[in-house]
Amino acid sequence: MDGETQFVLNTFSFLFWGALVMWMCAGFTMLEAGSVRTKNASVVCLKNVGLYAIAGLTFYLVGYNIMFAGVEETGFLGYGANGLERSLLAGDASSAAPVTAHGHSSMSHWFFQMVFVGSTASIVSGTLAERVRLSSFFVFIVVLTAVIYPVVGAWTWGGGWLARMGFQDFAGSTVVHSTGGWAALAGALVVGARSGKFGADGSVKITPPSNVPAVTLGVFIIWLGFLGFNGGSQAALSGVVDALTISNVIVNTNLAASAGVLVAVTFSRQVFGRTDLLAVLNGAIGGLMAITAGPAIVDPYWAIAIGGIGGGVTMIGMKILMLLKIDDEVGAISAHMGAGIWGTLAACIAAGADLVAQTVGIVAIGIFAFGVSIVTWKVIDWTIGARIGPDVEVMGQDVAELGIEAFPEFVPAPED
Amino acid sequence: MDGETQFVLNTFSFLFWGALVMWMCAGFTMLEAGSVRTKNASVVCLKNVGLYAIAGLTFYLVGYNIMFAGVEETGFLGYGANGLERSLLAGDASSAAPVTAHGHSSMSHWFFQMVFVGSTASIVSGTLAERVRLSSFFVFIVVLTAVIYPVVGAWTWGGGWLARMGFQDFAGSTVVHSTGGWAALAGALVVGARSGKFGADGSVKITPPSNVPAVTLGVFIIWLGFLGFNGGSQAALSGVVDALTISNVIVNTNLAASAGVLVAVTFSRQVFGRTDLLAVLNGAIGGLMAITAGPAIVDPYWAIAIGGIGGGVTMIGMKILMLLKIDDEVGAISAHMGAGIWGTLAACIAAGADLVAQTVGIVAIGIFAFGVSIVTWKVIDWTIGARIGPDVEVMGQDVAELGIEAFPEFVPAPED
Amino acid sequence: MDGETQFVLNTFSFLFWGALVMWMCAGFTMLEAGSVRTKNASVVCLKNVGLYAIAGLTFYLVGYNIMFAGVEETGFLGYGANGLERSLLAGDASSAAPVTAHGHSSMSHWFFQMVFVGSTASIVSGTLAERVRLSSFFVFIVVLTAVIYPVVGAWTWGGGWLARMGFQDFAGSTVVHSTGGWAALAGALVVGARSGKFGADGSVKITPPSNVPAVTLGVFIIWLGFLGFNGGSQAALSGVVDALTISNVIVNTNLAASAGVLVAVTFSRQVFGRTDLLAVLNGAIGGLMAITAGPAIVDPYWAIAIGGIGGGVTMIGMKILMLLKIDDEVGAISAHMGAGIWGTLAACIAAGADLVAQTVGIVAIGIFAFGVSIVTWKVIDWTIGARIGPDVEVMGQDVAELGIEAFPEFVPAPED
């Protein structure tokens, strides 16, 4: 395969798999909008469209430059394609050779990185649903996408100290999903639980999904998108080894999610007292998160084991958060952070990662992401207030913050 | 085009088109969840996520090895990529030449085949909605995906006796869709019709879709996915002829579905007494099924004719099943098996298939798929029971089997 | 890259990006079905499946031949692949060289063009929701897809007089979106506003979306599809410059939509008196429309500016239409025609287009599309009647025209 073909295929690969990852934002939206009570579903929609727009803009203006500062990709943002690419597009044929040698279009790399930022922000949205103030959420997302995620990214995929130490995270079990999970956990602690969620007697009020098919559609979208999330993270499609690796990644990703489903179907009755559909759907997500750190393994049996345990970790995490009275509307913390940590460690078993480096990475990123997030949430809370008022919570955010209802034509069942 | 480029493009082709076919499982979920009464919609979601997970695991552990036993693709499953590919990924450069000569990654082939299994299982789910017991359904899906479908596949795409006889089925009018339809028919006979569906006086109780936009979304997803289903079945993207053929396939697939819609819009009033949206949506599906056996034809006029007739066959099939008092919640038997048989025969007209071989294939696969399915369903019925109890049917499977409601916040209209 | 690889990649590019554009039809369906009152949602679904089917058939039989008459692509339709391609598929190896030299499969080009026609028709559907007669709508769509759009296309992308004059419209701000918008405006004038929409006292009755998550899903689908709409309009993927250009196009498209969201989030309170989710979603669409005429610009700052203004133009256009008492159910006229005109002019600033040519193109296409559309709508109105009767409007089109309800199991809130 000649250099030009490699350049075209590498670039197309970023764009194609990136489009699947972009699609995951719709999946998170459906998952969250279907999980909340209908009185808050419109705000969920606005939060998710908004976070994707914010992620795109901040990561263009600021985030990418932080994440890839000092590495070859950088130097172009704020201006468009890098200088050589601009020259070539302007007709300077002498730029063709060095551009081709670069291996892919800088802009395609930006796009693929940007959609990952969107996924990270989606996690926070899901956890904090039904009580975070809309404007405060957007402020936090600016910080998350412009600074927190990019710094974590710089340490790892940007070639920073964790990368040099040998920390391995193929597609982001820790870089993306634990980071999002830590940010969500910090938010959950500052914003607090929904009113009435946890009774003084230790009881937990179950708020079932208000639109189960929407949640299910969301999970199918995320599952599909994850083929791009993990497959595209090979970051090239320019030879036999790339093609083999991506094929393994996609098969393993699918098997891990399947195993997560199977574990949750089999054991959710023991954990939650019923065959719990939401646990099953989160089992799929947990399986996906768990395989993400090392999906390129050549023995898919490991993918089944890792994904199945990921599904179990997610269920147990949901249970633990309930016991700790931490309110996570969609189970995102356990699915993304819990299974993400498990997957980062599991990469030692199946993908030859170094246990020390993995542990240091998990801890360092956890401390950083959680620490900066909790400070940010605290500042937001002290200034504009992180949480909606109790009257808004009763009335629902849709009417109070947007002046509409998500389903204005259906008679709602009385609460409780 | 050099061998490495061919290898990369063939492999990518399996992965890309396969991702579209995976997406069809979300389409079948939406179609079925929107078609049933809301009291059963959550179980529909669980059945569909579960069947896709089961299909992935059983086809990895068992099914693929049955289907491609004795042909070159086999020998790797249970272990990951085949031996040469493992060597190459481990750094043994001497494996590069034979791997490249193989033409595509084995794992990408597995992925593309696996998502077809998911589609087959979805068909059964749709037909049996609202009265099949959840656990019994999963047991049947294990048998279907591990044994029934793979044996049919071995006879045809695995190079078995039907293939040698000249049986042609480009993308699975019979191999996938009739097989699924026969399995669904067997289930419908054993499980029986929903209570009250067929009156003693010959009346048929119409249960309209509970969520029409969800059904419509499902059909759009299936339509999109079918571009991959049929386009990817060229099984290569490594030259001008592949590119031309896939282009023809996609144009014909789209025209056939369009013609199916047109026929249903035009004639549904005659058949069903109204412009029947569900019939129109099934008309699209019938058109897709009909073209699937021979979509590579170079004259698209035939695609319009074949697809249009497919839409008509689907409507007539729905009517016949009603007269026979066979309860098919979503019309899957007529759309998949009826139009699938028509399409397999139509491949004689437009794609030069042999009428004898096609007929033998249709009959042999029908006998096998129906026979093994009915025995399996009978055994399930005698042991754990295929059908939910009458109280569960009244209460709805969601509350009875999962302890949740799909739309807990809307006041449901009283039944009847 | 050799000629065969170029042929394969160019062809695949049309098919892949085209599939994303096909998916937009599902997005428009969700957007419209969620925007109307539930009593009309089923007819919306039928209109949208129907329009896509009609577009496919008429553009195959008639439209494409008008649009590309006199250019190389033509001469094959009604028959399938062009003569050389048919010869090659029939085994005539001597056709291989000239087919390869053509650069891409004719059928893949048809497919990519056809899905654009579907988008154009979707625009009209959205504007006229809740009062256009189903059969009349289909008649208009036949004229739009067989004649109006193809003539506009012939003037521009078909190499006609506007193309020769220097009119630039990379992916169809004017060719697709303004054409659809003009056709919708003509329909809105002839069909008239929904009963009670505009009070004699100047009041406007707000009919909020009946299913907000469905509208949001629709916009995410359209956003995803637009990556294909604009990216695929490079019409080739056969070298470094194509790859760079498509990457720029996709980044700019995404930034423009993000900026449209941001502007609408920021200013919708000023324009509509609340943080208006529908305005925000239309802001994304307005941003997409605005960048579509010149997304290949190498400086993404322009994309942010153009898209942001596009979001603003859309909001202002919605307000103006209300003042003019023109009823546009989904805001399609302002988003597609308004922001489309803005984008066509903006191509002068950022993409070096000629202001005179752009203005002539906007005006000429506007006069033609609006003129033929209004005559067609008038003829339809005089013959079969463009509008449903007042009783149907009260009852809802679903029950009156299709005999079903979109959500038969939920108790509807009483109107007003």
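Worth pointing out:
Residue numbering begins at 1 within each chain, and the chains themselves are lettered A, B and C in the order written.
Convention: a residue touches a chain if its C-beta (ideal position, glycine included) is under 8 Å from a C-beta of that chain, and two chains touch if they have at least 3 such contacts.
Predicted, not measured: the structure shown is a model, and the values here were computed from it.
For the touching copies chain A and chain B, the fraction of interface residue numbers used by both falls below half; the interface is of the different-residue type. To fit its Cα atoms onto chain C, chain A must turn through 120 degrees, a value rounded to the nearest 5. Centre-to-centre spacing of chain A and chain B amounts to 31 Å, using the average Cα coordinate of each chain. Looking at chain A, one finds that residues 5, 16, 211, 407, 410-411 touch two or more other chains. Every residue of chain A that touches chain C in the complex is listed here, in rising order: 2, 4-5, 7-8, 11-12, 14-16, 19, 22-23, 25-26, 29-30, 33-34, 41-42, 44-46, 48-50, 52-54, 56-57, 60, 78-81, 85-86, 88-90, 96, 99-100, 104-108, 110-111, 114, 134, 138, 211, 214, 398, 401-411. Partner chain B is touched in their complex by these residues of chain A: 1, 5, 9, 16, 20, 37-38, 208-213, 215-217, 219-221, 223-224, 227-228, 231, 237-248, 250-251, 254-255, 257-259, 261-262, 265, 273-277, 280-281, 284, 297-301, 304, 407, 410-413.
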